[in-house]
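Naming follows writing order (A, B, C and D), and every chain is counted from residue 1.
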Amino acid sequence: MSLAEGQREGYVPEFNVRTDLALEAREIVQERTAEEMPGVAVEQTREDGVTIHLVKVETREAAQRLGKAPGNYLTLEAPGLRQKDTDLQDRLTDILARELIKFLPLPDKLEESVLIVGLGNWNVTPDALGPKVVGDLLVTRHLKLMKHQAFQEGYRSTCALAPGVLGITGIETSEIVRALVQQVKPSLVIAIDALAAHRLERLHTTIQVADAGVNPGSGVGNNRVGINKETVGVPVVAIGVPTVVEASTIAGDTMDALVQAFKKQSRAPELVIGMEGQSWEERQMLVKSVLEPFVGRLMVTPKEIDTFIDDISLVIAAALNTALHPKVRSSEGGKYLQ
Amino acid sequence: MSLAEGQREGYVPEFNVRTDLALEAREIVQERTAEEMPGVAVEQTREDGVTIHLVKVETREAAQRLGKAPGNYLTLEAPGLRQKDTDLQDRLTDILARELIKFLPLPDKLEESVLIVGLGNWNVTPDALGPKVVGDLLVTRHLKLMKHQAFQEGYRSTCALAPGVLGITGIETSEIVRALVQQVKPSLVIAIDALAAHRLERLHTTIQVADAGVNPGSGVGNNRVGINKETVGVPVVAIGVPTVVEASTIAGDTMDALVQAFKKQSRAPELVIGMEGQSWEERQMLVKSVLEPFVGRLMVTPKEIDTFIDDISLVIAAALNTALHPKVRSSEGGKYLQ
Amino acid sequence: MSLAEGQREGYVPEFNVRTDLALEAREIVQERTAEEMPGVAVEQTREDGVTIHLVKVETREAAQRLGKAPGNYLTLEAPGLRQKDTDLQDRLTDILARELIKFLPLPDKLEESVLIVGLGNWNVTPDALGPKVVGDLLVTRHLKLMKHQAFQEGYRSTCALAPGVLGITGIETSEIVRALVQQVKPSLVIAIDALAAHRLERLHTTIQVADAGVNPGSGVGNNRVGINKETVGVPVVAIGVPTVVEASTIAGDTMDALVQAFKKQSRAPELVIGMEGQSWEERQMLVKSVLEPFVGRLMVTPKEIDTFIDDISLVIAAALNTALHPKVRSSEGGKYLQ
Amino acid sequence: MSLAEGQREGYVPEFNVRTDLALEAREIVQERTAEEMPGVAVEQTREDGVTIHLVKVETREAAQRLGKAPGNYLTLEAPGLRQKDTDLQDRLTDILARELIKFLPLPDKLEESVLIVGLGNWNVTPDALGPKVVGDLLVTRHLKLMKHQAFQEGYRSTCALAPGVLGITGIETSEIVRALVQQVKPSLVIAIDALAAHRLERLHTTIQVADAGVNPGSGVGNNRVGINKETVGVPVVAIGVPTVVEASTIAGDTMDALVQAFKKQSRAPELVIGMEGQSWEERQMLVKSVLEPFVGRLMVTPKEIDTFIDDISLVIAAALNTALHPKVRSSEGGKYLQ
């Protein structure tokens, strides 16, 4: 998420709502327009405390309305994770591994490399997801190149980097990834990143897998380059978990809640009309006045964030190890893997 | 602040505003009642980009209105810190050292110990202030007891602990401090803690020194024990820096800003009346609905929090080393120390 | 081990050999005297790649020869751990849990507390074992005191602290533990610590559980106070893993190896005689000359130490969680637990 | 040093002595051959507790005997650093900055980038030097590219990366650096690395700056690629600090000390003859027998390593910031900079 820089926007432009989740972007458009949105297909299944959504953004027009690149967005929701539930963590790991095996465009040959990039800043708790996952991965490229006996069969060639954020490196992460891709020539890049959600209940309970890669918003002033097939030259799948909500979301939601409350009570009809007629600029001015001097660079996180991040990092790392290496897969044999 | 537990309330009860700063609590009462508050004396001086406030809470009644224990609250504000200004950091260090020398009830004999306790959780960036300061302190008690040549003269006996939070230890921090005080018998305890502010502009730019120790709020459900002379048996001075604003503050501020905006434009007079007549319970219900499922356990932090915390920790540790040890003082000789 | 201080001696005095393992101390005495040592009983069993030794130091005389307090020393050896073997880690966890259930003097009532203390310094990789284990423990004392529904049955009251080393706190760890014991009144203290071994092959592959607590050597100049029933007032069980070998051990071993080599080849008979007749003081002078300017404060560690420490910390934490809490035990049901 | 991998050999081949310092390599050759070594020029100056050596390896033959690539090796020795001396640290910082300004082939234009690479593993204390230095650098490339007002004048374009070691990334660090050089096109690479010394007294008190870059030894089995002008395409200056001695050095030194001791006492003349006639293979076998099962992967470090590493990292980072950015230089104005 490169929290330290605050530029991976991910806005639903129509309603000026900040979210990196395609699922939420669609929810917001549907709720606020109260009609089915064209160009987006959705499938949903449920099993054992986990809801699996597949959102397909099929047209460029839909992509623009959602503020999300065209592509497939797989989302796993497990609200129970907020209550330290180790059984649910194990189940989610198995389900994510199974879905990744189907979703990732893995090369047939185990000798073709997969490069996993952990985005974000390990010194800022909510932004440390990527570096933490990278720290728990089984990395084999060097062992396979050195002809290490134990890793010739059953293990895919994997390599990884957690480069840190622009403020520490002075180099755009997309530049670093492009450089590495040209050197290492992987068949696939997997980018792990902390995300921003719109709804608080999605924090630390939701995993999004996107075959469009990492695509910063196209809003004014956003010149950050994405990490995707266009910019790095090979397919990029992004895996992300919302770990923050922007403070401006809280401010906006408060205004909406106020209007709803007054509406319900048929109180202050002028307000309701006034607010509903309020221009985007007026709203922004209000939010800005509340959040000064930090507008756009404030994040909201739960206080238990450290254990949430540790737990979900382990889920993603274990699922990736299982999905990428056939030998890990066979030695686990969990029932959710079939 | 024991962020992970969310119970060090520090509310201004009258207006249900969350702040650990006495300075802000008084500001809020004065602003909202539009009259001078009795029982509180305030002095203010300014030098080189730093404003020094001394708030004296003199009566029990004032203490109750402010939600702050009776005592003296020294506050240093240096808004320039947000722009990485190393000269200002050096000046602030010198000024804080000078003020601490005046403020701390230091024993005359260097052999009497001072115990510094770093509160908070080193795994959560905004709560790591206390442990970070402790890591940068000059600790001498063992060297003086061992009759180490170099530390006999010019160095006070200092010892320190960063015990971690209740969720990790299972023991109230006040219990740990009381136990240590009985064992080590220091003449003074200094508790370092991350705080919550009401105003975003105070984040990472403000240092509060309080001779009343650490005193959690007295709200319903708050059974956390304070760290103060009553609970641990010796004077406790608390040094804190606001590193978070509660998310409910953002929500409340948004409602207020909305009312002000409509008032100014003479729009929606019913709203203005409605909101101003809105009961505390109604407001709380609204805020709660916005912040679910995390009410009261959400914090707002700027994205650059890691460097802010590192910088201000160094300021406090260096000022403490200077204030506590005459030898460090003489070797520095900064002009702000006179 | 309080590596930063270098005073937990643990020498076999007769042969001036540094080891914290009772098993090794006995080996050394038996090997070098070539006769059975009185006052020490030993049992040994083997299962699935793990050797379990029980060394009982039964007389004061034996204790003095071994440089180990009288008591029972349970040692688990799993040399396979050096080859990242996750199956073996799981087995070792189960076996350790089972043995701890038998070995620990656990109170019958789950309401009586157990205090776990992680000794050592989290900033020095080989000394970070204790703090790391504490970070992975299930701590419940506060939840039970708060009458948290989920923790009333099946969970023992546990609390924990990783106080850091003398150089950071200025307070002897034994003082901190004694203070906490008086405050919290646990029925049992478990102290986790990194140890020094004599033989390199024991690094990171061996776990010692000792019912005598932590007992620094009684050599000249060692005034460190132990953490045991005498000093803290309740039974103390120490759990340790050798993570370093002292550099002086390497120097001493080299001299011995040289003598053996020449002996075997019937070369330099004068050397063999000379060395075997060499006084303790002569040997020490030689070792000292090699290790200057760091004598006695140098440690030898394998380069892969970070992953070794992570792995064995998890083994100990998981085994403790299982041994201490009946509910964790029943939900695991591993075959090694019966 | 990539400690985790143990392959950056740096041996003086003739005497099988492990050191990464050119200064020590020359010392060893001179001492053991007792004659002046051709092809190496040495200059030495002394000021205020710091000795500055310049070793010029001028011929290929000398390079081979020393196990060091041809080039200039600047070495600063400050033995006083072992006694926490902050004045000496400040002086050393100023002297290093001044020497770097003379030594580094800095481009005239501040717009040409310098890439600083922190080698090593932040999870292993003695190998964390590189990552720690990178964390304290002033990085400006992105600010200059974004036309940030404050960084247009007086600041050089700097960027940095701490990629981690082969075992974590699966990619040779030289590959990562080459890839970045092709992308970022810096005029100079500075590689920061932890080194191995031969003499314990050099640990943490010595800084080597080498214009030949990072050049692993050419011993059998060493296929690690260097980081130098040949492999990455632009000049590479390496800055290193010895943080470990190999355990085999301790073993070898012990044998030598034994021989010297017997020689002095005219004891065991057969030993002296035997040892001096001992073949390299015999010695190696002995050392190997002592260090099993870890031969070649054991390191010796002082117990206070964490504070040593912190202190010397700050010295290097501060000196680099001063040397690279004219504006930092002018604002310091220390007398050692003239």
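To be clear about the criterion, a residue touches a chain if its C-beta (ideal position, glycine included) is under 8 Å from a C-beta of that chain, and two chains touch if they have at least 3 such contacts.
It should be emphasised that the depicted structure is a prediction, and the values quoted were computed from it without experimental measurement.
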item	value
Distance between the centres, which are taken as Cα means, of chain D and chain C, whole angstrom	35
Centroid distance [mean C-alpha coordinates] between chain C and chain A, Å	44
Between chain B and chain C, centroid-to-centroid distance (C-alpha), Å	41
Of all residues in chain C, the ones touching two or more other chains	167
Overall pattern in which the protein chains touch one another (line/ring/star/complete/other)	ring
Every chain pair meeting the contact rule	A-B, A-D, B-C, C-D
Of chain C, residues touching chain B in the complex	134-135, 139-143, 157-164, 166-172, 175-176, 178-180, 182-184
In the complex, chain C residues that touch chain D	3-6, 82, 121, 123-125, 127, 167, 200-201, 203, 247, 250-251, 253-255, 257-258, 261-262, 267-271, 274, 282, 286-287, 289-294, 297-306
